[in-house]
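Each of the next two complexes has chain A plus one other chain: chain B in the first, chain C in the second.
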Partner chain A sequence: MTTATDIRSIDRVEVDRGHIARRIKSVLVHGLVLFLVAIMLLPLFYMVMMSFKTSTEIAQDPLGLPSSLYLGNYMNALASMGYVRSVLNSLGITISVIVVVVLAGAMAAYPLARIQNRISRIIVMIMALGLATPNFVTITPIYVIFRDLGLLDSYVGIVLAFASLKLPLAVFFYTGFIAAIPIELEEAARLENCNNWQVFWHVIRPLLAPVTATLSLFVMLMVWNDFTYPLLLLTDKDKFTVMIAVYRSVGNTGIDPTMLFPAAVLGSLPLLILFAVFQRRIMSGAMAGAVK
Partner chain B sequence: MAQVSLGKVIKKYGDVQAIHGVDLQIPEGAFCVFVGPSGCGKSTLLRMIAGLEETTDGRIVIGERDVTHADPAKRGVAMVFQTYALFPHMTVRENMSFGLKIGGADKEEIRQKVDNAAQILKLHDYMDRKPKALSGGQRQRVAIGRAIVRQPDVFLFDEPLSNLDAELRVQMRIEIAKLHQQLGATMIYVTHDQVEAMTMADVIVVLRDGRIEQSGSPVELYSNPDNRFVAGFIGSPRMNFLPATVVASGDGITVISPDGLDGLEIPVKTMASPAVGSQIVMGLRPEQFSPDGALRLSLDIDVIENLGGVAYAYGTAGNAVADQLVVELRGALPANGAQKLDVGFNAGDVLLFDAGTDQRIR
Partner chain C sequence: MKTSRILKSITLGLGASLLASTVLADVTLDVVAWKGNEAQPAGLPELIQKFEAENPGIKIDLTYVARKDVDKVIPPRLQGGNPPDVTMVDSSLVKLWGGAGFLKDLGTDSAWYGNMIPAVQETFTIDGTIMTLPLEVIGMGNFVNMDLLAKVGIDKAPVTVDEVVAACKALAADGISPMIFAGGFPAMLWVGANGIDPKGTSPVAYGMGEVTFVDDANYNASLDSVRMLVDAECFDPELQAGLDPWSTALEEFKSGRVAMLPQGAWNIANFSKIEGLNFQFAPMASAYSDVGLALDLVGPGWSIPTDSEHPEEARKWVEFFADPENLSVFLEAEGAYSPFTGGTDTMPALAAPYGHARAEGSLILWPFSTLAYPKPLQSEWEDSLTGFLLDISKPNEDTLQRWDDVVEDNL
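Take a look at the complex of A and B:
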């Protein structure tokens, strides 16, 4: 006959087994995640590590850790690439593109999200085509148009070029998000004496903050890291973006690791700092709308 | 405060006609409730008055002004939505003052009006909170407060209580009724809940398929419905309907015999004289059955719902063609497991309806 004590001990054994199984599963999952993170961080780690090595160390042991944090490479890179100027250029261009894309994208998306007819559907399809078109396809037409308009080698030109390329993405982002905003909010605003512009500015625009943060991150990454358009449209050294400054300082005839790695670190650093500062906001935007 | 007049108002969506030439006068200061089943057009009609739906044809007059094609903000109306429609990025104070700010009112005037509305609705403690930090009832009060500060001629409520739980709904119902007494403004209220309509309204407008079936005071609609639809819609549980045959008629009396209830003849006072042998429908409310009614009926009980103070017996009578009869019971209930219930009613409570047109035979 099974006693109450027996049942309790059987229950405890089963509870313990379940607990151990959950622990093993948790360790395996965490191990896998750490492994994937390590794979992703390895190139970054290698880049930072190499940037602190002397040329002799690099030649003798390309995979080893630096013996000391040698800053001479950074001094050379900073001196040759006009770092501060190029970072300011990149920042200025990136922020300008984000402002234009966010404003124009939201304003374009608002009617597209609210007016459901054949014309709006066609416009959304054209935007989708813009998203699907590779950047290389548009390089030549943009160059020719900008040359004819006298926009080559100008901040306005590069900002317009990037804005036109990223606008379809913004419209796509915003159209879906605005469509999910209850129409009653707009109706309430109209009853409160708002015209179309006021509805957009006072009601719709503030609600776009989370998705704007996410969109801004995407646009920032794309614009900051873009190489081809600044290379094509900018020739004045004072207007170079960081990526072009890195490229120019490294040169295209040979690769000097003591110049390449610190320049690459310096080129990525502002972006990493920005991401670290705005991380929480960006992630909350990426998750916005996932749950009610 | 203003009266609202609708003159042959029509709403079409493409080929589909949602509102079929509605004529209605809502007196100044009245609490008017649009009621009807889902899809009857009550919200559409309210939104047409608000200006949120374009009016295809007809006239909408608020006060002395024809507002048929005026912008929503120019109509002197304020609306409380089913979903509250509070601006989530604004605090309670900002939500309530938004319309006045947009309208260019000065800060002191805005503060006064908002504080006044907050006092009426007991919102003082929540003024700096955002809507997400409020309960459903508080949000609804903020939505009402936002309407109050604009001091509109007409308040429009679009099923404002349907997102609240039963207890809160009763509480808010009382608050809205008190608010109406306090402000004395014209209020138009949409609901599908006939209990809300009966308890709050001065005037009930019953709609079906975009047409007004009947309008009048709650008591009028309850005791003197124009047709079978209104008779069935107003009152809970709904009125019992039994097919019947006219066995005699004339001299202001129509005698009917409910089908399947042999031997039961009911003399009903009518001005009309339906043809003998014609089919009609008799209506009798569950609460009009009583133990001492002159006309007797034996009910085969299916189930008894006991709500405490009152109970409802569901069952069938004889071979009556009606699906199921509902009888309200007060006081002593039948013994547990009882199969039969002997109830009575009076001929004066019976209403007659034309079996073909469903119109009342008076």
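Take a look at the complex of A and C:
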């Protein structure tokens, strides 16, 4: 005969079992996540590790840890990269492009999302074509147009070039997002006598924060890492971006690890710092965009 | 009266200072090259310094653009009428850009033209015009770690197929990795050195489709010789198929753990930096030579675009390299030979075996650099030889037919 005490002890055993199962599952999941993160961080770790090794150490033991933190590679890289200037150029160009793309993209997307007719659909399709057009098709027309406009070798030129290339992405992003915003919000604003601009600025724009965070992240990575357009449109070395400085350390017929790795670390360092500082904001923006 | 005199003086003063500034103004030459960066300085920094000292008023602004990006970055500038004043080119770019009228004819009456090595002259002369001053002829051969060979009692870099096979067997038996044979490049050098008979069919005949690779006894034997290397345990073919010839392969050789690496002489400078790496640069072992076969690659040169803003100054820069003393700085840094007859030999002693093969006349010009083989065939060689390494049991026809198809497509 089963007593109440027995039932309670059976329940406790089952609760304990459930608890242990959950713990095991949690440990397994966390272990898997840590393993995946380790795999993803491995190239980064390798890059940093290699940057502190001498050429002899790299040749003799490419996968081993550095015997000491050799800073000579960084001194050489800093001396040849014009680092501060090129980082400031990259920052200035990247931030300017993000501002232009976000503003112009959102303003272009608002009517495209709200006015549903053939013309707006055609425009969205043209934007999609812009996304699919490969670089080598646009590179010559961009160069010739910018030459005619007198925008070669200028910060304005390179910002406009990048902005025009990334704008289709922004319009595409924003059009889908704005279309999902309830129209009633706008109608309420119009009842308060808001015009189109006021509706966009005071009602729609604040709601775009999550998607703007995600878009900015994409644009930032694309602009920061691109060196083809700066190499094409800029000739004054004082205007060169940090990725061109990194690019100079890659040879045609091989790489010199003592130059490439410290240059790569220095080239990506500002981005890493930016991510670290704005991590919370970027992640919350990206997550909000994902679960909307 | 007084006012007009003052105005006259001001005008004259302004005019004079404007004239003076125009006369004294520096011309900055926009030069684009895929050498001269930190990774491959090629002696250019010191040559620029020397040129500027000899030519006051001309400054050189050298922009590095990797060879693979030149095709993207320079054509828009040529088409847009705003090209660099001088650009580095190779034979394929001369053909393409020169053919489109983007490059200036430097004149076959130039003092240096008649001094060019005949084969180089033939490569760069298009329809009776010369649009390039060539800078180098660079060797491709076999880097050999002499210390590893010494461990198995070999004191001479192998230069025949039999010697390579014997070295591989001895090294493998001693637990030493004998050879790097990455599909992308080292395998190409072996197959080329054993497929092209310097005294046999001209490479042009293959490039023109007059002779097919698939029916060619030499190239069939060349692929068979790769199987022979595998049998001699020179390398594991599948492992080599995944090796990057431009990074991992170089680091492997630099580590001192592999005895042989077919590669270009441009690596001599980098390999020489490694303490304790005792190596020689030897010619490729070939079925057609007892002293090895030197594979010379016709390297890049300088060209002046038609729309160059400063053509006269650009010409000064280009012809600066026709002076053997100046060119030797570039050649020494590159580990290359002069494209001019009687040029100074700046090759280091460790390249003596390669130099010996050249001196013996055992030499071919790499057919991709002279355009005897069409340029697209090069990437087909890279891909198909990598595929061949993944399955060396498949018939030669599978590989060689692909080459004939590319030739046919480019006729």
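A few remarks follow.
Here, the second predicted complex is superposed on the first by the 246 of 292 C-alpha atoms of A that agree within 3 Å, B and C clash if a C-alpha of one lies under 4 Å from a C-alpha of the other, contacts with A are read in each partner's own complex, and residues count from 1 in each chain.
Basically, a contact is a pair of C-beta atoms (placed from the backbone, for glycine too) under 8 Å apart; a residue touches a chain by one contact, two chains touch by 3 or more.
For clarity, every value in this text was computed on a predicted model and none was experimentally measured.
After alignment on the shared chain A, the placement of chain B and chain C results in a side-by-side fit free of clashes. Once chain A of one complex is fitted onto chain A of the other, the partner contacts of A:237 are limited to chain C, with no touch recorded for chain B. Counting residues of chain A touched by each partner, chain B versus chain C, the larger count belongs to C.
Touch criterion met: A:202 reaches chain B, while chain C stays clear of it. Contacts of A:59 after superposition on the shared chain: chain C is touched, whereas chain B is not. Panel annotation: after superposition on the shared chain A, the angle at the CA centre of chain A between chain B and chain C (CA centres) reads 150 degrees, nearest 10. Touch criterion not met for A:78: it reaches neither chain B nor chain C. In the superposition on chain A, A:143 contacts chain C only, with no contact to chain B. Least inter-chain distance for chain B and chain C in the combined superposition, rounded to the nearest angstrom, is 46, based on C-alpha atoms.
Judged by the document's definition of touching, no chain A residue lies at the interface with chain B and also at the interface with chain C. Those residues of chain A whose C-beta lies close enough to touch chain C in the complex are 55-56, 58-62, 80, 135-136, 139-140, 142-144, 147, 152, 228, 231-232, 235, 237, 247-257, 259-260. By the touch criterion given at the top, residues 30, 34-35, 37-40, 61, 63-69, 72-73, 75-77, 79-82, 246-247, 250-251, 254-256, 264, 266-267, 270, 273-277 of chain C touch chain A in their complex. Listing the residues of chain A that touch chain B in their complex gives 182, 184-185, 187-194, 198, 202-203, 206-207, 209.
Residue ranges of chain B in contact with chain A, taken from their complex: 50-52, 71-73, 77-79, 81-83, 85-89, 98-99, 102-103, 146, 150.
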